[in-house]
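Next up: some structures, all given as structure tokens.
Below are two complexes that have subunit A in common, paired first with subunit B and then with subunit C.
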Partner chain A sequence: MLHVSFKKIWNGFTLDATLEIPFGKITALFGPSGAGKSTILRIISGLETADEGRISYGSEVWFDKLSGIHLPPQQRPVGFVFQDFALFPHLTVKKNVAYGIKEKKHAQEVRDLISLVGLSGYEHYYPAQLSGGQKQRVALIRALARKPGLLLMDEPLSALDWETRRQLQEDLKQILRQFNVTTIYVTHDITEMYKLADYVIALESGKVMRRGTPEEIFLGKKLSTRIQISGKVIGIESDPIMVAVTVMHEDQYIKTLIDAEEIDRMDLKIGDDVIIGAKSSDVILFKTLTKL
Partner chain B sequence: MASRLRGTIVKITPGQIHAHVQILWKAIPLSVIVTRASCEDMHLTAGDDINVIIKGTDVMLAKSLSGLLSARNRAKGVVKHIVQGDVLSKVFVESQGDTLHAIITNASLKEMDIHHGDEVTAIVKSTELILSKEIES
Partner chain C sequence: MNFATPLLLSLRLSLVTMVLLFITGIPLAYWLVFSRTKWKFIIESVVALPLVLPPTVLGFYLLMAIGGNSIIGQWYEAIFNSTLAFSFQGLILGSFLYSLPFAVQPFQTSFSSVDKKLLEASWSLGRSHVYTFFSVILPLSRQGIITGCVLSFAHTLGEFGVVLMIGGNIPGVTRVASVAIYDEVQSLDYGNANMYSAILLFFSFTILAIVYFTNRRFIRTL
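The block that comes next holds the complex of A and B.
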């Protein structure tokens, strides 16, 4: 378990957080811009210092204000993946991945990692020659090559288009599970959080508001519906009996018909985040004539 | 509004893929089919209190019901209120002290001559019911 408890005040903003991050799981820090999510990552990694508090990783103490312990960032086993990729532009894919580890000794590992994210054949490309999705794959395996005890990901997919993002979400989930790496994932996207996170810590204005599984945080209940699709309400067409509610899920519009009173009971408005629930037996499948 | 009934799980019969959950709501037995995976994820156990959600569009109404019918969930009640739209109507049925909502076509409402105070039976198939369990904090 990574235990983080600290306070930091700057420009009149107080960040006061206590977090417990389980090993081997993906914990999402979820909240609006300005909630303090990125600063928490910077404090955990040692790039910024808290005014008071303590950070411990298992039995290792990384920071303790009272005992004057402050492990420098390079001594913390932390991998960082940023929104803007932060690759070295003058180094090839292979050199980027191998940066900071002994390239000759780990040549096979580097090859395996590059192949794992489908970039075999791109070893000698430079970042400028890659797409956004490919760059972020390189950033991910560069972080994993160092075998970090803790992987910090700061909105890693938010600069990408929807399709790349969806594909990378699937790949990320699989790769992080495979490496069993303790991950803190910052996002303000509910769908991404629902898809990736084992646990969620919801932050607002520098404070932890709620913590739990995605279901606990967003619904407060467990449902028997196997189909649960998260999205945002973008349209409500009223009717006295059945209201047409359009929900945007990633780049798709899903039109639902909801009992009018249900809309009033929930006080549902445009912009609200929702979960669409449906029973597995309530759908119909059509096989396509050609491959999609 | 979707009807929300509070009941107690009496028995669970798991199959390979599905699970048959029998619930007692007031004096009426309810039969619910969920996936076995849902049953396990929700840690459903006999004796648990459970919320049963029924969408108004999944409720059928019958008057003077007779003969055999495969739908397992039936509740007799009295029509308390009707809201008519341009194509659909919502019928509020009081049963066992709770209110069930049925959304039916105006054509059915007219053909069945459903009015305030009528005795009707609300019918739902087992596969249509949704279960919801509060997370204990």
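The block that comes next holds the complex of A and C.
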């Protein structure tokens, strides 16, 4: 378990957080921008220092204000994946991946890592020659190459278009499972959080508001339905009795009818994040001829 | 006296100065960029001083500092059995100080323009500040380093006031090309003065053209 408890004040903003991150799981830090999510990652990694508090990783203490302990980032077994990739522009894919590996013989290991994210053949490319999705794959394995105990990902997919995002979400899930690395994943995308996280910590203006599984956090209870699709409300058309709500899920629009009173009760507005649930008895299933 | 002697002396002075500035300017620039002390501005001002100071002022105080009556001058004489003022070594010292901003400022600009995220990425990959400097900052600052070296070389080549004040006009020792021009004009030999001037003009122009050309290519390849 990673125990993080600290306080940091800057420009009148107070970040006061206590987090417990279970080993071997993906924990999402979820919240609006400006909630302090990225700063939490930076403090855990040692790139920034908290004003007070304590960070311990299992039995290792990384930071303790009272006893004056502050391990520099180099000494924390942490991999950091930045939002804008932060690849070294003067190094090839191969050298970027090998950057953090200290063992002398690592050629095979680097080759394996590169093929793991489907970039075999790109070893000698420079970051400027790669697409956004490819860059983030390189950034991911560069961070994992050091075999960190803890992987910190700061909105790693937010600079990408939705199609690349969807593909990468799947790949990420697989790779993280394969490495079985404790991960803290910062996001403000509800779909992404649903797809990836085992556990969610919701933050708002520097404070932890809620914690739990994605369902517990966003529905307050376990759903009895079998199908859940998360998305964003992009249209509400009313007539006196029923209201048609259009929800966008990735690139698909889903229209659903809801009682007008329900809309009022939920105070549903355009831009809200929602989950559409469907009972399995109502769902029709078709077999498609071509596999996507 | 050989016509080429002052030119060769100028070249030697510029080369030695450039190498010294390369060696000392890089750590100094690194410190100026990454140090968090609030007194940094004082060092920055001192480094930039030669940009605004009349060369004669710098030359005058240097002469006072290294002359035979000064502590440094006497100390130097006791060790090396020769004076620092009016010697080639004295010229190196003067040129070093006079060209300092021309090397340090481009170094500084290029170090500080390296994306901070890349440094953080390097640290979080377990690499030390020293490793990060040589593997990330230095290669990404290549252009600034080249610019600083070339500019300090060219600037030393064209220096006159400081050299005359602390070096005088000793043939083969301190009579560099720029001083030789002055000397030839004084003795009304405009032909020779013109030759020296034309060579310096051509040299300076070529150096600057190379710098701007490579800078342009560098920007394009990014």
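The definition used in the following text is that the second predicted complex is superposed on the first by the 280 of 292 C-alpha atoms of A that agree within 3 Å, B and C clash if a C-alpha of one lies under 4 Å from a C-alpha of the other, contacts with A are read in each partner's own complex, and residues count from 1 in each chain.
The working rule: a residue touches a chain if its C-beta (ideal position, glycine included) is under 8 Å from a C-beta of that chain, and two chains touch if they have at least 3 such contacts.
Because the structure is predicted, anything quoted here is derived from the model rather than measured.
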Contacts of A:V283 with subunit B and subunit C, given as first, second, both or neither: neither
Which superposed partner A:L66 touches (first subunit B, second subunit C, both, neither): neither
Subunit A residues within the subunit C interface of the complex: 45, 47, 72-74, 78-80, 82, 84, 86-90, 99-100, 102, 128, 142-143, 146
Residues of subunit C defined as touching subunit A within the complex: 115, 117-118, 120-128, 135-136, 139-140, 222
Complex contacts: residues of subunit B adjacent to subunit A: 1-2, 32-35, 37-39, 41-42, 51, 55-57, 83-85, 88-90, 101, 103, 127-128, 130-135
Subunit A - residues contacting subunit B, complex: 212, 215-216, 220-226, 239-242, 257, 259-262, 265, 277, 279-282
